[in-house]
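Below, each structure is written out as structure tokens.
The two complexes that follow have subunit A in common; it is paired with subunit B in the first and with subunit C in the second.
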Partner chain A sequence: MTQPPRPREVGQSRPRIDGRDKVTGAARYVDDLNVPGMWHGATVRSPHPAARIDSIDFSRARQADPEVAAITAADLPGPNVVKLIAEDWPILAAEEVHHVGEAVAIVVAPTRERARAAADRVDVTYTEVPGALTLDDALRGDPRVGGQVNVLASSNIDWGDVDQGLADADHIVEGEYETGWQEHIYIEPQGMIAIPQDDGSVEIVGSMQCPYYVQHALAHALSLEPDMVRVRHVATGGGFGGKEDFPDMLGAHAALLARKIKRPVKIVYDRHEDIVATTKRHPSRVRIRTGVAADGRLLAQDIEVVLDGGAYITLSPVVLSRAVIHAAGPYACPNVRIQGRVLATNTVPNGAFRGFGAPQSQFAAERQMDRIGRRLGIDPYTIRERNAYRVGDTTPTGQVLKESVSAIECLQEAETRTRFRERWQQFENARANAPDDGRPVRGLGLSLVWHGSGFTGNGEQRMNSPVTIRLNEAGAVEVRVAATEFGQGTTMVLQQMVADAVGVTAADIVVVNPDTVEVPDSGPTVASRTVMVVGGILVRAGKGLADQLMQFAKSDAASPIDCGPETNELELKAGQLLDESGAVLGSFSDIAAAYVASYGTLDITERFEAMPGIEFDEETYRGAAYSAYGWACDIIELEVDPDTLAVSLTDATLVYDVGKAIHPAMCRGQVEGGTLQALGYGFMEEIKLKDGAYMNDRLATYIIPTIRDTPDMDTVLIENPTPSGAFGAKGVGEIPMDGGAPAVLSAIENATGIVAAGIPATPERLFSDRMAGRVVSNDRAGSAKPAEGGPA
Partner chain B sequence: MTLAYTPSNLDEALQILADHPDTVLVAGCTDLMVVDYAMGRRHDAVLDLLAVPELHGIAVSDDAISIGATTKFREILNHAEVQKNYPMLAEVAGTVGGWQIQNRATIGGNIANASPAGDSLPVLLALGAQVEVRGAAGPRIIPYEAMHLGYRRVDLRPGELITRVRIQKPAANTVQMYKKVGTRAAQAISKVVVGLCATIVDDSVAEIRIGAGSVAATPVRLDRTEARVRGARLEPSLADEAGRIASTEVAPIDDVRSTAEYRSFVLGRVVRRMLLNMISGETGPNSTAGSGS
Partner chain C sequence: MTGKGGISFSLNGKAVKVDLDPMSRLLDVVREHCELPGSKEGCGEGECGACAVLLDDEPVCSCLVPLIQVRGRTVRTIEDLETGGVLDPIQEAFVEAGGVQCGACTPGILITLRALLDRNPAPNRTEVREALGGNLCRCTGYEGILRSVEALLPGGDES
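Now for the complex of A and B:
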């Protein structure tokens, strides 16, 4: 008996498993959880960017509320460090504070209100000292307070002979580009509960991306063995990288308080505190000198990348590494020099944020391509089409791109859908003759980006992450990995991929909630690695499970199936065991039940295996920086109000090569949501500093796009598979963050002639750019000239 | 602990206020609660003006409209007479915060809160509104341009509260224009807000009032711009000149939302555009509407 095979799970857009609970409010986030006897923590923070701590006095707090307990750096049981890459980030400031908002003490009380009131009554006296408050200070060489070295990290790439390439060029084009901070604005602020156990261990429950990072950091901070720190993930409302690093800090605070008072302790930040205290995207300055041939081919690129690291190293070296590797954009060039540095300032440490350095450096790369095009009289499409990577090209790390290179395909598809070249030229012409009727002026902008999937270089080999698939007592298949669901759809795609690997349906797969006592350390949920890398290892494990069960079915005495001796090839498909003719021999569930009855549960554990030939030298930055790259072309159409320079985005055409869309609806969701975050970064989201403090530290002042600011999106997923990813998939989480900002600025330039060098391109910034003469140089009149009615 | 008074009529409210002059008057609380939480501020006593029936509702007469202090922006926005004869007021009511805010926030609260960025305040200036206040000593009528004494300070004496806002019905040949330049397309706080009310006779501007917000410590009338335009013939050069004067007669500041130079620039551009639109006849509602919800 044969029946038509059910469609594979991969490639289907089924309703999300967690959708109903989250929409109805049934999902329980950390602040919904109450543990018996639980108290609440609050944090005393520095108002100064650089100061010595003279004294910390709790007497007023204790007088007002005698139950209050407190911890300072002097009370720590272990090293005063949140262990990430370096060991410089203190859990609590000891002798000096290095940024506004730095934690100086933590207090705990029976209610959140009392805890916050107590924190307000802690009297800390400081002596302010000079520091490097801004990136300009740091570039001048001012050290961060305390005489610390000013350079937190550096990375260099040197490929070919840049000086010769520049000497050979017909044109030298120079540009300097600037990007600002970005705050994650995950919908759920940071929160953690720590529950001390009788055996001296501690359980951490909270909102996070990386349970094992929290475990490692806390084991270090508390001087405990790792298995004495149990970390359990609960429903998490967004991360975007912001819950990669900071939960280590918050987890440490909660655990320290809990162990001190021997009670569970919860700390949940409100939005204001979350913005004030937690990591941001690194601001950047990028300088590029490009040598170009008369026909527009790139001959040499000399690039300097500077990132503002804030007060501590956190993840800056790896952010810089990715920034540097992506800094020349997706363009072939025989001679490339990239020099990157992260400088220290007395601001909140900057850390992980979707894109991880690549949005900053590619913003510069893309604006530079527009600048080169203008110099040579070539439109933004053509200058990119001429230089974009093809199969066989070599990157600045010397990596030959052998497969899954879709830059040209993305460009062409975007052009076909928008008639970009023709309409861009129309808007160019219209700009020169725009009537002053108050009507908005229109523009089109384009960007082309690439993004390496998974960890940089040998990161995956080094982690050697294990995953486990278990056939459990009930005969169901469990996925045991540390990959967390924080809205991006991890649970769903893991189910789909493992279902196909084993040959069952998604409903047969149980994804075990990440908990360090239940799941192996399959690595952090970062770097667009979950589908491509963790998924790839799981597929091998899933196939291993299927093979073992088919072997059992075929040859074990306890098998419920009579295959007959002549059957060689068996296949599991959608929960049915088929022979080579496609006839159904039995069901997966019967075989699984028989297996478990005879042998008990079955665990299949697999680890990362690199693709052959994928090697990277981290000293010289030579080799395959990533085993695969995603490619994307963004085209943005917008209107600018000529009176206010307010930008309104009308249309976005988003063409993304994702390798394989495991769940197409969620994959588009990643592209569209990520693009909106990138657009906000480009023209709206801004943090200004005043005396070292963020001015925009609330949602009333840190402006993110609403649906009214969102363009219509025409999203195209191209599937150009890579053999290095599960089902051919490449990472999709981060690449949508790369292209939005430069495309917006390109479109603003097309509409107004204003060549905005930096983001966010707020109306204020566009105005000052125009007043400073940063306009398209061949614009004679029209909108490039300060308009009547202005103060000039 | 906060004591909350809920008087059942205006006299009772005034008596409570007379007996307990430190009582904080509250209505929609849309700004108050945000600030209270941010500052960790608590009040000993509040008086809920929403409980006072005399303060609520819109009364229409042949020559004017009278809006109770606790009338919500949503009610103003939906009111037929407001839409017909005071379109600028309907328009501003639809740009205050978002829908949830418009359902709670009151016009009296917007006045008493006295934020320089309060959206409705320049419109009240342009419409020549009068504020009726009442205290133990009886009622007073305050012309709107005398209402704001300084940064977040209004002309309310101890024991007084705002009862109504009265606006004379504009003449038939009056144009009304409103523009909010906000930080985004919806749910925005103003960077510059302008209300303009002008009477046109024989292609000349017989009378004009221009109110501007977020460009000074209080909402302000653009006196010099008005003086230049009043009595002048409507032509493009007048619009250009009015824009130049407007951009220089205020001294806005840099703050978290915008810059002084941009605010000056945009104020001039908006005023100029309003006059140009008067010339071209594009004076209907939304002709210069920008950000709103």
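Now for the complex of A and C:
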């Protein structure tokens, strides 16, 4: 009897495990939970970007509501710091505030309304002091550090001889590029519940990406042993990086209040507070000087990256590191210098956001490629095709790309589907001859990007993350990792990968909800690392479990299987044990039950192991920055109203090399959702500052794309596997954030001739670009000044 | 204003009487008082549609509707789409075709689509876009949502 061929779980798009609960309204998010005796917290925030706190007076709040309790920096039981990379981010501002929206005090009351009313009645007096309110101020010198430039982090790459490369070039092309803030707008705002326990420990339940980050930060802040802080993940309504860092702060606030009043405390932000107080994507300024040969080959790139870090360090050093490593784009160049700095300003700290620095630096790299193409009379496709990485090329960190390099394949597939070159040229000709009749003008734009999967450099080796697979009492296989589900499909892909690794069906696998009491610290759910890195370790553990059970089946006296002494090769497949001939010897469930009856449950724990030859020197920035890279080409087609400069996107062609699509439908979901977030970043999503405060601090003023702003998407997944990842998979979570914005601006340029150098390219900004002469140099539009320089 | 004994309306097919401040937000009434937390608060100002419910079969943002306004009327929330353990076809399609990721916008989007499909069982992309113009989703890029609706249509792709 032979086993009927059954498709493996990996590569199939099964219905989501959590789908039914989410479509029926049964899924419970943090704000849907009520704990008996629970009170509600609210936060008193600074209205000033830079000020000394003179006094905090609760008398009005207590008079109005005597039950209200409150905490200030003076009441903290441990160090006043949310511990991330550095120890500079206070839980509550003590003597000074450094940004608008900084927490000064927290209050708690029996209901949310009473807590918020109490926070409004806390009287804080301040003396304003000078601050660095903008990146321009920061570049001139920050008053906080005696008028010096206040550098929160710096990273440099120096490869080859840039000065010689520039001297040898036929053309020198210079550009300066700007990106603004971006807010995550996960649809579920941040929220946490803290439940104090009788033994002095505390349980945290909430919306988050990284339970162990919260545990570490709270243990530090509360001066408790880590195991006295239990952190439990519940259904989380989106993250995008925004629930990587900030939940540490919110968890600390809830825990402090809960321990003070000895009751459970919930804090859920409304949208306005969420925008005002939580981390954003770092704004950037990037300057590039490129030396190019007459045939379009890049000879030297000299790049300066400046990020606005906001008031505290949070995750800025690692955001900068990724920005710098990706800053030269996916292009071979023998001489590259990249100098990166993060400067402090008196604004909300900028932190983790999908892409983590790479969208900013690659926006600049891609706009620079278009600029180089224009200068040399080469179209956007061809200039990229000429310079894109091939197998065997070396990156600016000295990493030789040995396999899984798909830049050219992505470009060619996108060209085949869109006839980009021919149609781009038609739109160029149409623009040159356009009658001024007010009719919409069309354009096509292209971008090519790369994105390293997993932590930068030696991050994975350092974390040395454990994962556990358990054969439980019921004979089922449990996946125990800290990887969280916040929409992207983690639970589903972990189930599929482990099912194939063990040789059972997805239905045999239980993914345990991340809870620090139940799962080991397999690392944060960030950096496109879950499938490739955590999945890779799990596959090893799954194979280990299968081997142990097969050994038991073959040779243990308690085995339910009689396979004879001469049987050597056994295989578990789709829940059946097979011999070499493919004959079924028994079922996984019988073997597992017999094993558990004899020996009890079985845990297999494995840790990260680097691929041989994958090493990185963090001092010199030399070596393999990432063990694998994803590649993507985005082509955007759009229409622009020539009078209002309003942009309407019509079509997007998205070609992505993901290594292996574990669940193709969810993989597409990552590409399409990330792309729309990137398109919004490119032409809609804007935060302006006034006196250090965000002017766009609610959904009525911070505009994200609706379904009416969205192009039809043609998504293509290319599978060029990497040996570093589970089943060949590379990360897909972040790369869709990299190419959307430059592709939109490239298309706007094709349609209108406006060489927009900054995002978001709102109609107002495009208008001022045109008025400032930032237009294609042979166009009649605007003042017809050659567009060789960047923005003024 | 309220009349003695509260405000009566039909909620998911049942007559209810609620004795609360008549200016209470319908969202809070259904989530907290009626213990139906499927409808979500995404912004509290009618921009995101996560709190959408059907009021006499028309989608409305329940964060903007005061309780007094639903007196004598019919309210349907996401909890009413599934009947006797059987999913509405649009719910089924969302699970199958990538219409749902994080799930926070999903209740509002599904209830809005139910209203669309009731008056137009075979909407084209433009009609779906018009109907969902008031519902924000940050995960899917809306393409998975459009695909889910298309999977329902005659000749729709089931995969």
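Here is the rule we use: the second predicted complex is superposed on the first by the 773 of 792 C-alpha atoms of A that agree within 3 Å, B and C clash if a C-alpha of one lies under 4 Å from a C-alpha of the other, contacts with A are read in each partner's own complex, and residues count from 1 in each chain.
The rule is short, and it goes like this: a contact is a pair of C-beta atoms (placed from the backbone, for glycine too) under 8 Å apart; a residue touches a chain by one contact, two chains touch by 3 or more.
Not measured: the values here are computed from a predicted model.
> Looking at the overlay, does A:Ala646 come into contact with subunit B only (first), subunit C only (second), both, or neither?
After superposing on A, A:Ala646 lies in contact with subunit B but is clear of subunit C.
> Which of the two partners, first being subunit B and second being subunit C, lies in contact with A:Ala700: first, second, both, or neither?
The answer is both, since A:Ala700 touches subunit B and subunit C.
> With both structures fitted on chain A, tell me whether subunit B or subunit C touches more of subunit A's residues.
C
> Thinking of the overlay built on chain A, is A:Arg708 touched by subunit B (first), by subunit C (second), by both, or by neither?
A:Arg708 contacts both subunit B and subunit C.
> In the superposed arrangement, does A:Tyr389 touch subunit B (first), subunit C (second), both or neither?
In the superposition, A:Tyr389 contacts neither subunit B nor subunit C.
> With the two complexes superposed on chain A, say which partner A:Asp18 touches: subunit B (first), subunit C (second), both, or neither.
The answer is second: A:Asp18 touches subunit C but not subunit B.
> Quick one: classify A:Tyr126 as touching subunit B (first), subunit C (second), both or neither.
Neither partner.
> List the residues of subunit A that touch subunit B in one complex and subunit C in the other.
The answer is residues 272, 698, 700, 706, 708 of subunit A.
> Which of the residues in subunit A end up touching subunit C in this complex?
Going by the criterion above, the answer is residues 13, 15-16, 18-29, 31-32, 184-189, 235-240, 270-272, 486-489, 665-666, 668-669, 672-677, 698-700, 704, 706-708, 710, 712-713, 715.
> In their complex, what parts of subunit C are in touch with subunit A?
Going through subunit C, the ones touching subunit A are 31, 36-45, 47-48, 50, 77-79, 81-82, 87, 91, 94-98, 100-107, 110, 125, 128-130, 132-146, 159.
> Give every residue of subunit B touching subunit A within the complex, in rising order.
34, 38, 40, 181, 183-189, 239-240, 243-244, 246-248, 256-259, 261-262, 264-266, 268-273, 276-277, 280, 288, 290-291, 293
> Where on subunit A is subunit B touching in the complex?
These residues of subunit A touch subunit B: 116-117, 120, 272, 437-438, 641, 643-646, 648, 684, 688, 695-696, 698, 700-701, 703, 705-706, 708-709, 763-764, 767-768, 771, 787-791.
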